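Let me begin by presenting the structure, written as structure tokens, before commenting on it.
The letters A, B, C and D name the chains in turn, as written, and every chain counts its residues from 1.
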Amino acid sequence: MEINGVDIKDTYAEGFGIKVTRMLVTAATKKLAKIAVTEATGYGTSVIGCPAEAGIDGYVPPEETPDGRPGYTIMICQGGKKALDHELMERIGMGILTAPTTAVFNCLESEDVLKTGNKLKFFGDGFEEVIDIDGRKIHSIPIMSGDFLVESAFGYKEGVAGGNFFVLANSKMSALVATEAAIDAIHNVEGVITPFPGGMVASGSKVGCNNYEFLNASTNEKMCVTLKDKVDSDIPDDVYGVMEVVIDGVDEDSVREAMKQGIKAACNVDGVLQISAGNFGGNLGAYKINLQDLF
Amino acid sequence: MEINGVDIKDTYAEGFGIKVTRMLVTAATKKLAKIAVTEATGYGTSVIGCPAEAGIDGYVPPEETPDGRPGYTIMICQGGKKALDHELMERIGMGILTAPTTAVFNCLESEDVLKTGNKLKFFGDGFEEVIDIDGRKIHSIPIMSGDFLVESAFGYKEGVAGGNFFVLANSKMSALVATEAAIDAIHNVEGVITPFPGGMVASGSKVGCNNYEFLNASTNEKMCVTLKDKVDSDIPDDVYGVMEVVIDGVDEDSVREAMKQGIKAACNVDGVLQISAGNFGGNLGAYKINLQDLF
Amino acid sequence: MEINGVDIKDTYAEGFGIKVTRMLVTAATKKLAKIAVTEATGYGTSVIGCPAEAGIDGYVPPEETPDGRPGYTIMICQGGKKALDHELMERIGMGILTAPTTAVFNCLESEDVLKTGNKLKFFGDGFEEVIDIDGRKIHSIPIMSGDFLVESAFGYKEGVAGGNFFVLANSKMSALVATEAAIDAIHNVEGVITPFPGGMVASGSKVGCNNYEFLNASTNEKMCVTLKDKVDSDIPDDVYGVMEVVIDGVDEDSVREAMKQGIKAACNVDGVLQISAGNFGGNLGAYKINLQDLF
Amino acid sequence: MEINGVDIKDTYAEGFGIKVTRMLVTAATKKLAKIAVTEATGYGTSVIGCPAEAGIDGYVPPEETPDGRPGYTIMICQGGKKALDHELMERIGMGILTAPTTAVFNCLESEDVLKTGNKLKFFGDGFEEVIDIDGRKIHSIPIMSGDFLVESAFGYKEGVAGGNFFVLANSKMSALVATEAAIDAIHNVEGVITPFPGGMVASGSKVGCNNYEFLNASTNEKMCVTLKDKVDSDIPDDVYGVMEVVIDGVDEDSVREAMKQGIKAACNVDGVLQISAGNFGGNLGAYKINLQDLF
């Protein structure tokens, strides 16, 4: 199968279950909202080593937010409920409450909730109040610079982590720019994040490690461009650049749509030769998303 | 004392000891370097709730870096050596190694070192190599997109956290813009970071909590602008906006210089009326930096 | 009339007819598209002194563009057809053709057209080709870095210039931040641009000049905050900051919608006290847009 | 000659004389200064079609500016004095005076001056004043949002336009990213601008036109990557991407230093194969800068 002359390999991405939350962070200006969410979603590429997987989902213009201010939706994801609860407390409490003019609204309806706002309110030392915005229960907490607003409870549900695809191209920089184009496209899909730096994964790994048995993940040497001539490489002859995109979503449909839009965009960039995907033989993850089935 | 008509209050900032590291992250372009350091230093405003205090120190042009590429210096700080070691491993391993085209060099000479690079090398699964750049011992680790370079060991030393000042102004937005100007100025001082979102602290706190005894920090109601008429406020009559800047540095001199430059810049913004600072009576922190002594 | 406690003055903005064009500029990535349109729309605040009024309308995601790449719509406006023709030639030829990976598509259907693409094709020196994208006649012109694509003809029509409102606030910086919030909101309205720097007008003027008769426009002293106590000022007692927003649109409805969204957003920012507008007694412009009628 | 394995061709860039000005634009914050200079230097890639060549030279931190605020140096260049005078008036008057909180200082000492500030002062309609900042004669002009400050006179002198080099690489995107790296490096050289979009020139041209005699410049088909197999191409076999960088400077030394730093930086990017330069046989321009002589 080809898109715009690019080979779409007959393989699948293997995804995993993860608990996801999704909230909207507004502020006086778009720039101030961006500052807050950038802090709150940093250090959140993969739960392999980060305390959470986190990222910016999309921009929401003033006309469409509960308080008429510009904002960004973000997602914070973790495998365990307790860890997720902790991450919401600290990422909102240390990264958004501390940023000027912010408010945080829940964007994921679910029976299962984390009472983050209800706990953060104690920071107000008795001066906090409950207010209603758009039918939502909001805690208004006086801070030095004004009042911080946070919804009382945030829904969480089982989502999908590890949606992914590989971009193979005629040079390292072609793969890099194509991945950037893919991320641009994915930013317009609701309910997904690309948690790695700038959305790009430069270091796709394999499970386990052949030389150092104490490691449970290591470099995927068969896909490393600088090892192409040194190992039994999986990289096609004409390919000299490889990059990966990893996607977390609120459900499988969102992840599939993000993969579809991302792949289409990557195939529009000069020098892209093949789209592939990462999986672990299908035994580890609950989700198998075949690339060709997306189109 | 006045600067540009702004009252510099006769008070002091109270700082604390903290273990600091400082490294340079380079990449193919300035933008790619920024993407990596933004991820690696996120979720790092205060060790009260974040796993580390982290931030971008400054930009270093290609002409001045070991590999002739653009880069940013960053600092990662923690109270304990073990926690600091963990943070370097994960923030570099998950946030920089995963970003395209990056390299990480140590920028803090010290006898005490963390062997982060020496540990990250195992990700190479035997394909890693040791190379020399500019007299430095560098591990070159093949990853999908190319080779990730990381210095073998990173120095750490006792630095200073919690340098700070308050900007008091005639409106919330005057305080906000003045704080932004202060941050712009501080970015040019070497060896310091302003770890809060965009460098601004909207929510300066007090030690302890009057109403909820389980909390050991809570809102500083006497400095909250929206509580000015409800409590025995410390906010002057003509002040309606308050923001704080918090600074971590490699040593007291760096923090003092950052406070000086930041305060001078804030005093250049229309509407700023007073500069103050936060302390805890001098009993908690090892460093007392008097505002008026800076000038 | 009040919005969120802000006084909406019973006055009107006076707008003028202007010839408008609107085109979509796509590129390999969102960032590359932004670079091109920033160059092409610069030096374009007002035809009083600039060769055109020009600006970025909005972002269009890959899924919604003719070539599946990210892009920005821009508008270029001029009073005269000949001058407009020249501006399209040079702003596209010097500012977009010269930027890497770009393509330009017409976004304004009209019987009146400027054959910009048809003239730019000669740059190809015989190597240019005509291709079809989505039913559009496109000239593909080989340039050093690849092929530049440009639609053959661009529609133009009579639009509206000079839609505007003033933001009056309790400090200069409150007015500034509120104006920024207004611009954020207006960016989501299709068919309009805010041609001044960052969308903000710091220097609203009056027609004519009292002291220097050779000038046909000069500072509006009655609205200057630093002259409040020196002249018979029109600025209310509690106002210490004034900023203006100016809007050009493809038609009156677009300008009205932009004014509405911008004013609503400004009224959400702390410290804003009044919204007013600029007019010249109604004798100069063809359009009178009453502020209160917008809501 | 090779740098980092990249062939530096034995050829030269041919530059031209041009009249240059250089000024510093400060504002309350770095962001506000950037907004102003971006507007003022737009639509200024080449005097072939733009009313001036203009660009941002570099960032100047608050500590180093006359008014202690962050700023950017910019350059505005034109062949003729009268046209240069007009461009300064309108680019400063329409693009910087109209932007909030700005001030403009002369940065080029010369006996030849343009009295831009002295003419812009009339906008103040008699309310303008002369003040002294750092020994400079400054006009303070009341505008709606505050006071606009502009130096009375700006020096101009004969500088150099058209310094340039080509980046040839293994793919279009390698050339593009390498050019971006070159621009990053050049931004740190004082006294130069790269006037094209984002500093990159995608469409290097030749003098004259073979097929359409009414054109005096047209595509350089021998260097067009998509015509490589259709014409008697000058592009080496292994090259599939070509980009150009064009530099204007206050003098030949500045241009040479910018070319040197830019070329070194480009040679650090993966996939770059050759650096070349553009000339017209040496008969048109007054400056010949040999690439190999730079190192």
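Definition applied: a residue touches a chain if its C-beta (ideal position, glycine included) is under 8 Å from a C-beta of that chain, and two chains touch if they have at least 3 such contacts.
Note that this is a predicted model, so its numbers are computed, not measured.
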Q. What's the overlap between the neighbours of subunit B and those of subunit C?
A. A, D
Q | Far-end chain from subunit C, centres as C-alpha averages | A | B
Q: Between subunit B and subunit D, tell me the centre distance in angstrom, where each centre is the average of that chain's C-alpha atoms.
A: 34
Q. Where the centres are mean C-alpha positions, what is the separation of subunit C from subunit D, in Å?
A. 25
Q. With chain centres defined as C-alpha means, what is the inter-centre distance between subunit A and subunit D in Å?
A. 39
Q.
Residues of subunit B that contact two or more other chains, please.
A. 28, 31, 101, 146, 172-173, 176-177, 269-270
Q: Please name which positions on subunit B make contact with subunit D in the complex.
A: 28-31, 61-63, 67-70, 101, 146, 177, 180-181, 184-185, 187-188, 261, 264-265, 268-270
Q: State the interface residues of subunit C toward subunit D in the complex, per the touch definition above.
A: 28, 32, 35-36, 38-46, 48-51, 54, 89-91, 93-102, 122-127, 141-148, 166, 172-173, 175-176, 179, 196-198, 200-205, 209-212, 214-215, 217-221, 223-227, 230-231, 241-244
Q.
Quick check: in the complex, which residue numbers of subunit A touch subunit D?
A. 31, 169-174, 176-178, 240, 269-271
